[in-house]
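So that we are looking at the same thing, I have put the structure below in structure tokens.
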Amino acid sequence: MVITADAIDPVACYAQLQDHSCGACVTFEGWVRNHQDGREVRSLEYEVYHPLAVSEGERVIAEARARHPVTHALCVHREGHLELGDLAVWVGVSSPHRDESFLAARMVIDQIKVRLPIWKKEHYLDGDSGWVNCERCANHGHAHS
Amino acid sequence: MVITADAIDPVACYAQLQDHSCGACVTFEGWVRNHQDGREVRSLEYEVYHPLAVSEGERVIAEARARHPVTHALCVHREGHLELGDLAVWVGVSSPHRDESFLAARMVIDQIKVRLPIWKKEHYLDGDSGWVNCERCANHGHAHS
Amino acid sequence: MMKTVTVQYFAAYREAVGHAEEQVETTAATADALFEQLQAMHPSLERFEAMRVAINDAMAGWPDAIADGDTVLVFPPVAGG
Amino acid sequence: MMKTVTVQYFAAYREAVGHAEEQVETTAATADALFEQLQAMHPSLERFEAMRVAINDAMAGWPDAIADGDTVLVFPPVAGG
């Protein structure tokens, strides 16, 4: 689990998954989207509490690997200011067969989104801004990407 | 749907998925694996019947998009001789939210593997070689990546 | 009724038969009946549950009718990906 | 028994409270009871079902006990990805 203030390089990440014993590779990328709940988004900030984001991210990856045996599994999450289209989170998995890679990648991103101490502040086109509640938050329940 | 005798460039493919309205991108890559049913693989050839591989591939993508509305969905498949680790098939999908991208990518690769007129001949380390039957083939049922 | 069709073989079937294409005189009404005739001509042509057929560059079913002048593509089990 | 704990606020909670960290004197036995006290001190501190707590850099539960000298991290609902 890597938290970085620099732009994520998906090609460099991907190189770490390559393995001649693997026939399948699944990647998930979360991009900064120009709309959220009907509002136009201009940019956003991620705030990350490093020590626990890293340890909880490692735990998520270990749990996904235990349930879906894959050969490589990695996750990188941005912090700081991001513009539209920027890569916010990258998950990559490789395995001999494709079933495990799809399932592990899905489990990692689903858990990363609800368990890691990472917060997102959206800046809207109308000049307003606000912290986004998590997708399982009961008070403001709505789905994110 | 693209069939190519040249190496697939995943970065160039991926660029076609980028869209500010999308918050999620899922890619699947099929790589040439060094083992199959307990045999050590050295390299392989794909034979493709172009006209129907392209039209059936377009149909698969359209069906996946109809079931899982995504913004972009692409598939590229190699033909000819491939070495270990080479990218044999690339599937990429982007959408506002991640659920549709995961489901569409999975549906595309599952259907591509069983419906397109593409055949794989494996060359084994022991000098032998043989055509691989499809993963749903009743006579020689076994799972591939 | 005697028809002439063009049969094309792919991958394992091409290697089993020894050539990629041939003209076949047939009275077979369906693709499936034609395949039986092809097996009689080429004993090495194995029947697989996952084998597929296309007629005139469109995916077809084995019970589909064949007509004089058709091009029939005989596909062994596919293995893309 | 009176304890002194360090409370750290993040994201929306930091902005609601106006600072990132404070020392709090408390008799609260659990993290949950401490949160009630923090809400009394900072009426803008909203309770969310998805809010989380960590004690001394380990994820914890709201019913967990707090001890003198602990650092308690108060996390508003997370939104990574």
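We just call them A, B, C and D in the order they show up, numbering each chain from 1.
The rule is simple: contacts are C-beta pairs under 8 Å (C-beta built on N, C-alpha and C of every residue); 3 or more make two chains touch, one makes a residue touch a chain.
Note that the coordinates shown come from a computational prediction; the quantities given were computed from them, not determined experimentally.
A.B. asks: Of all the other chains, whose mean CA position lies farthest from chain C?
C.D. replies: So the farthest one, by centre of C-alpha atoms, is D.
A.B. asks: What is the distance, in whole Å, between the centres of chain A and chain D, each centre taken as the mean of its C-alpha atoms?
C.D. replies: Computed from C-alpha means, the inter-chain centre distance equals 26 Å.
A.B. asks: Starting from the mean Cα coordinates of chain B and chain D, work out the distance between those two points in Å.
C.D. replies: Here chain B and chain D have centroids separated by 49 Å.
A.B. asks: Calculate how many whole Å lie between the centre of chain C and the centre of chain D, each centre taken as the average of the chain's C-alpha atoms.
C.D. replies: Result: the chain centres lie 73 Å from each other.
A.B. asks: Chain D: which residues touch two or more other chains?
C.D. replies: none
A.B. asks: Of all the residues in chain B, which ones touch at least 2 other chains?
C.D. replies: Residue numbers touching two or more other chains: 30, 109, 144-145.
A.B. asks: Which two-chain combinations qualify as touching?
C.D. replies: Chain-chain contacts present: A-B, A-D, B-C.
A.B. asks: List the residues on chain A that touch chain B in their complex, please.
C.D. replies: Touch residues, chain A against chain B: 10-11, 14, 18, 20-35, 84-85, 94, 96-98, 101-102, 105-106, 109, 143-145.
A.B. asks: Any idea which chain B residues touch chain C in the complex?
C.D. replies: So the residues of chain B in touch with chain C come to 30, 46-49, 51-53, 55-56, 77, 88-89, 109, 112-121, 131-140, 144-145.
A.B. asks: Quick one: which bits of chain D touch chain A in the complex? Just the residue numbers, please.
C.D. replies: 10-12, 15, 46, 48-50, 52, 54, 57-59, 73, 75-81
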